[in-house]
Structure formats: structure tokens, C-alpha cells
Amino acid sequence: MTDGWVIKNLRAIKGRAYPRVIGAIREPSWVFFEVVLPLFTVAAFAYVYQFMDAREELIGYVVLGGAMTAFWLNVLWSMAAQFYWEKETGNLQLYMIAPTSRMSILAGMALGGMLSTTVNAASTLVIGAFIFNIAFDVVDPLMLIAIFLATMVALYGMGMMFASLYMLFGREAHHLSNLLTDPVYLASGFYFPVKFLGAAVAAGASVIPITLGLDALRQLFFTAGAEDAFLSLEAELALLVGLCALFMVLAHYSLRYMEYLGKATGRLTLRWQ
Amino acid sequence: MDQEPAVRTEALTRVFEPKKKKEGSTVRALESVDLRIEQGELFGILGPNGAGKTTLLKILSTLLLPTSGKAYVAGLDVETQFNAVRQRINMVSGGEISGYGLLTVKENLWMFSQFYGIKSKVALQRIDDMLGEFGLLDKKDAKVRTLSTGQRQKMNVIRGFVTDPDIIFLDEPTLGLDVNASRVIRTYILDWLKDHPKKTVVLTTHYMAEADELCDRIAIIDNGRILACDSPERLKKMVRMNTTLSMDVTRLKDTAVFKTFPGVESFTFTEDGEKGLTKLRFVMRDESGVSDIVSAVLGQGSRIESLQKTEPTLEDVFIKMVGKGLE
Amino acid sequence: MAVMNDLRTIKNAAWLGWEMEANWADPFLFATYSIVKPISATLILVFMYMIVTGGNTDNAYFSYMYVGSALYMYIAEVLFGVTWIIHDDREHYMSLKQVYIAPIKFYAYILGRSAIKIAITTAGVIITLAFGVLALGVDISLWDVDWLLLLGSTALGMSCICVLGLALGGITFLTARHSIGINEGVAGVFYVMSGIIFPITALPTWAQSISKILPVTYWMDSMRRALMPDAMAELGSVAGVDVTGLSGISDLYIMVYLAISTAVFFALSMAVFKYADGVARRKGKIDWTSTY
């Protein structure tokens, strides 16, 4: 009996996740960089708040935001931009001729990269909290899990959609990822509550799932988070679930369309454009 | 009932437009190509660089769309039924650096097999068997980045065959390899077809000897057009009706003159600096012009060291068709 | 004659850098690196500041923070840029070996390529500062700028960053996989320790001792003194407290400290590069590509 579509795609996910997991285990020196590097920005911003005698929650928000940057950077550099690097090394065309869903390959990249991303996020959270004496006050753990999962699915769905764009890019992929780093830190409120940007900007930035995810996490981790909230937890969860569905559908169609466009223009396999 | 061909193209054309006008002009990579490759064939596509070989393979392997015309693989339209085509094919290119350097050979091959949904146990058994056949078993646990060029290309070829495709596209699979590595790959291809008579290999190359040794039929392609398509023997027969003449002479002052001789279909020469000889090779419509050639050589003060009538090679066919050699 | 050859190398390398990286005719690249990225990074701090102070930007610390953030681009972009030249030439363009075997001075080549990095970054710094002055009231007045101090400080600071980038470029010969990580780490140390966006007095005492041996600490302070002397004087004594931690040092001595610490870093960086270069040659790693 031949295996069904789901089983075959699960194998593809496992196959693509494997190099990232085994690479992380085989060459563990990355742990040092994943743990240390995010702490510099977190420490600098926390000292800025401390220097200005800011209320304690703001320093807590910096630590939380610093931890969440790991997921945003993972989506930008290790998933979306990865298709560009795969094209450079000749792997992309082998993925393209394989009888598997491109979303399975991208999901494999995401899951495989989760080990280093989680180490990065967790260590930033724990070490940041220790250095700056942050007290987390989790009141609703179930809601916390639901919000986090919905944020991740929506965020990685968005990453898959970006990956379709990157598929056709040459070296400009690098520039696009750079362009999307700092402005998103600003607009999504990684280091301060997003509502201070004004309702219109916060609403616009909510298209990026991490904006709503961070806003909800601030409410769930800190008692004062509710005062700084842009929307209520329930509304944010509902919107995040909506974004999950939206980005998954968009990713599916954009991957199909971009593959078609790549095949039509001959840009799917060219190197060094 | 007629068996569905492995590959069929109808007036297949591919045009590349430059992104910006100043970046160059339109390239017509394939021009109205009609091909029919039967199941079980080892079909060669022979042509110089830029002839359109890789473009043709990219279209057949669902990586590129035709500008016009049709292409079918296993009876399926590559444009609209690409998912079904992908379940039946695989592709290997020469000089490929696919995979991940920090994985071992076995892990890399297993990873690619997973994209084809093959059970791990089955995949690992096949990988072991094939590594043995390619003489790479001792490199099974070596990191890919430590492999030599030849070893890496053997691994790439295994990657293509390990998914047990019905049709495999090999784009210059022995490019830049030494004699031994090339021989192992060629032998494997022939054995694979012997063991799987319904499977098909489509191979591009610009090595004449490789095409001659391996292929059941060969299409000669240049500037995107198929110039001839037949078995190596029949292609050579086209030239055999002519006279093929090889001549070693002491250094000549002027070789260009021979191209214009009446009766000469094609003419090539190489210099052997060590022996101080010029090696001339003529394909002639008949033997009546031989005496004129001999007179011309002697007229330049050269001495004839050897002269023989030879069997035509695929290179002679190629030169006749394309108008120039591959080198 | 040798000098002419070096100048020609610098000119050609600068042209190459321009062609490769500074395509200012491309509005997308110009907007990305010289406007959007630096202004967004600085605006994060601006919003943090406004949330705490309620929007009052008429404050010496606001200018201190804003100018430091803008000038940090030199560290982030030029330090990274110089290392990246070596990494990119070796790993992606695979042209480093050609540069090595050419009859030119490698340092002249790097200097030429770096000049373009500095030029691009300078555009970004100027745009960010102009935005701060015009839109946010950052306390810089062209009439009050100490141009001599600015010029001397820029020359010393930039040479320090370039040669540090060279040293880190040397290290990429030996550990290419971590080249970006090491670079970000060094830039991160400066970001926290050198009084970039907050005065070093906010740091624990042990960390302040480290700050005072870093040339970037003196570079940033002297640049601020040159660009915004009034604000720096104001921060020198807030209710009798030296907020910056360096106010007691005169402009001349700040420059002396900058020169000495730069000389030490320069020597150390050159030694690191020469060592890494020697090891790379011995192990045949100059034309290595590790990305595969």
C-alpha cells in the first residue's frame, strides 16, 4: 500500500528539519552567540530605561521584546531568506522538482530552527530577568500558551509567504531582510507598548502577528500590562487566529504563484543574478 | 496500442528576454524542438555550450516553462501536470554542490529521499546498496564537505537514482571528473537500464565519446535547434558515405586554404608541438580531391609523415552538422 | 612610485566598492540603508524616551541619546562592513585569492573598499542627525560645532574601527561560520559599554572600568563635545553630579585618551590580523569557502 499525502509530507518536514537539528548538535558553538548577542541590545535598552528612572514594567517589556526578536529574526533570515541561499547552492531546484509541498519544506526549516531560536529566546528571558530583576506574574497560563502558539503559527505562515517572494530574489534578498528588521522592531513595539504609537499605527502594525502577540504577552506576563494594552486579550487571540488562517492561505497561493512566475521568467534556478 | 513515449515535445520554444534592454538582447534558447524519446531509451543530447541542452532539461524537469509549444513527460503535460511529472522524475547536474556540508553522505542522501516520501528503512537500504555499487561505502559517514569532486558527484548521481525515478535527467553528469569516476558513473547508468528496461535516461553531454558509448539515440543540438536525431551508428553512416581522411604532416604555414578546397565537407586540424606535426582531418564528398590536398601540402614545403583513410567518428558528424568542433 | 601604486589601488578598490555596494542610483538601496534603517533604529529610542518623559525632547540627555544612536551607525556599519569585505570576497565572490596574489598592498585595497562603506554610512548619519535636528529638536547648531575637534575625533575613531574590522576579517579566515556573530558581539560590547545611548555612569562600577579602556567611549564623547557642546556642558553637572562620567576631562585630554587607546587597539588589531593571516596561509584557508 502506498503512503498517503500527509505521511509523505511529514517525511519531507522531518527530512528538512534534520540538517538544522543535527547541525546544532554537531557544532554547538552557536549556543554562545545565541545566548550572548541578544543580551547586548536588551541590556542597552534596559539601561536607558533605568537611567531615566522609568517604571519597572518597561524594563520587563524590553526583556520580553528582546526574547521575541529571536522568532522574528528566525523567520526573516532562516526561513524567508533561506530560499535565496538555497538557490545559490543549487538546492532550491532540487526542492522544486521534488513531489512534495513547498510548505512542508519551509515547515521543516522552521521546526528544525526552533531549537536554536528557543535557546535564544529562553536564555534572553531568563538571563535578562535575572540581571534586571524582573518579576513575571503569569496569571493565565492557558491563555499564554494559546497566544504564543497562535502568534507562532501566524508568524511562520507570514514567513512562508515571504519565502515565496525571496524565491525569485538575487542578492536583494539580503537587503529586504535588513529593511524589515529595525522598522518592524519599531512598529511592532518590541521595546515599548505599541499603543504609544497611536491607534492607527498600532492597527496597521497588527498585520505583523508579533505585534498582537507581544501586546498580549505583556498583558499575560505583567500586571501593569493591561494598562499598556492596545486591545483586550480575547480580541488579540481572535485576531491572531484569523491571521493564522489568512497567512496559511496566502502562503499557499503565493508560493504557487511565485513558483509559476519563477518558471516563466527562468529565475527559479539562476545563480548570481 | 502505441506505448506512451517517456518524453515528447512539439514545437517547443523558449525565449529569454533581458530584464532591462541595456542588459542584452533576446535569447532564443530553444527553437521549435520536436522530440520523441521512448521508454527504456538512453537518449543523449549533444551540443556545444549555450546550445540549449540545459534549457531543454529544465523544461522537462518542470523547472522552466516553455514560451510556446508543448512538452510531455510520461504522457503528462509539464506545464499543467507538473506535480504528477515530479513523482516520476529526478535530475542530476554536473558540478552540483547540493546538500549540506555538515551532514554525512548517508544523511544527505536520506534527507533528499524524504522529499520523495520514501520510508526511511527502504531509503537507507537503497543508499547502502548504491554506495556499495559506487565504491563509496567507506565514505558513508564522512561529512559531505570533506569529499573530493569525484566522490561528491557520485553522491549526486546516487541522489538522483535513489528515488527510483521512471525517467532521470542527467545534465553533463561527468563534467570535470577524472577517467575513473566517469567510468563508474557510466557503468552504473548502463547497468541500471539493463536491470530496469522500462526506465528512461535523458543525458546531455558535450563529451563525444560518452555519447557514443552510452546512448541508444542522440540528438545534436545547436542554437536551440535539433540538427539531427538518430542512433550513433546511423549518424556516423551519414558521414561514412563521405571519405574521412587523416594526415600527419610537418608544420604547415597556411591551414586556412584547405577549407576552400573543392570536395571538402569539413576540415579540422591540431598542432602537435612536441613532434612538430600538424594533424589534419578531412571529411570529403569523394576521393577525387585527395591528390589536390597532397599537392597543396607538399607545395608549402611540408612533408607527409602519415596518411590514412579512417572510420568516421561522432565528432565528424558533429562538425558536419554544427560547422565547428566542440573544443 | 610605490605611493602612486598604492593610491591607484585605493582608487580602484573604492570604484569596485562603489559598483558592488553603493549603488545610490538604486532608490531602494539608498532608502533602506541611509534612511529607513537608521531612522527606525533611532526612533525606537525616541519613543522609549517619550513614553518615560511624556514627550519633552528639550533635554540634554535626549540629544545625547539621539546623537549617540546616530553615530553608532559608524560602529555597526563600518566595523561590520570592513569584515564583510574580506568574508564576501572569500566566501561568495571567491576573489580574495586574486587580490592576494596581485602585486598590490592588501591594506590599500581594504582602505579603498572601506572608503565607500564610510561614505554610505556618513550619508545615513547626516540624514538621521538632520531628521533629529529638524523634527525632534536635537541640540546641534552648525554655528556652535567645534569643527577641528570633530575632524580629529572622526579621523582617529574611524581608523580605529576600520582596523578593528580588519582584525575581525582576519578571524573570519579561521572561523567563517561565526564571523557575523563575533562582529555583532564586538559591536554589542561597544553599544553597552561605550556610552552610546546612555552615560557610562548607569553601568555597574566594574563595567565602567572596562568602558574607560575602550577607544569608542572617548570617540563618542569627543564627537558629542564637537557636535553639541552646550548639551554636553549641561550634562557635565546636573545638580552637581557628572552624568557622563567624563566631564572632568578636558577636550584636549579626551583627544589624548582617544589617541592612546586607538594606538593600542590599532596595534592589537594589526597583530591579530597578521596572526590570523599567517595561520590561514599555513593551513591553506585564504581561498577556502566554508559555506558549503
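Per-chain numbering from 1; labels A, B and C assigned in written order.
As a convention for this text, contacts are C-beta pairs under 8 Å (C-beta built on N, C-alpha and C of every residue); 3 or more make two chains touch, one makes a residue touch a chain.
Source: prediction; values computed, not measured.
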Would you mind checking which chain's C-alpha centre is most distant from the centre of chain C?
-> B
What is the identifier of the chain with the smallest separation between its Cα mean and the overall Cα mean?
-> A
Could you state the distance in Å from the CA-based centre of chain A to that of chain B?
-> 45
Averaged-CA centre spacing for the pair chain C and chain A, given as whole angstrom | 29
If you average the Cα atoms of chain B and of chain C to get two centres, how far apart are those centres in Å?
-> 53
For chain B, residues contacting two or more additional chains | 97
Chain C, residues touching no fewer than two other chains | 291-292
Which residues does chain A have that touch at least 2 chains other than itself?
-> 27, 89
Contacts from chain A onto chain B in the complex sit at residues 3, 7-9, 11-12, 14-16, 18-19, 22-23, 26-27, 89-91, 93-100, 105, 260, 263-264, 266, 268-269
Which residues, counting only chain C, touch chain A once they are in their complex?
-> 28-29, 32-33, 36-37, 40-41, 43-45, 47-53, 61, 65, 177-178, 181, 184-185, 187-189, 191-192, 196-199, 202-203, 291-292
Note which residues of chain A are touching chain C in the complex, please.
-> 27, 29-30, 32-33, 36-37, 39-41, 43-45, 47-54, 58, 89, 172, 175, 178-179, 181-183, 185-186, 190-193, 196-197
Note: in the complex, chain B contacts chain A through residues 16, 58, 61-65, 83, 86-87, 89-91, 93, 96-100, 102-103, 107, 110-120, 159
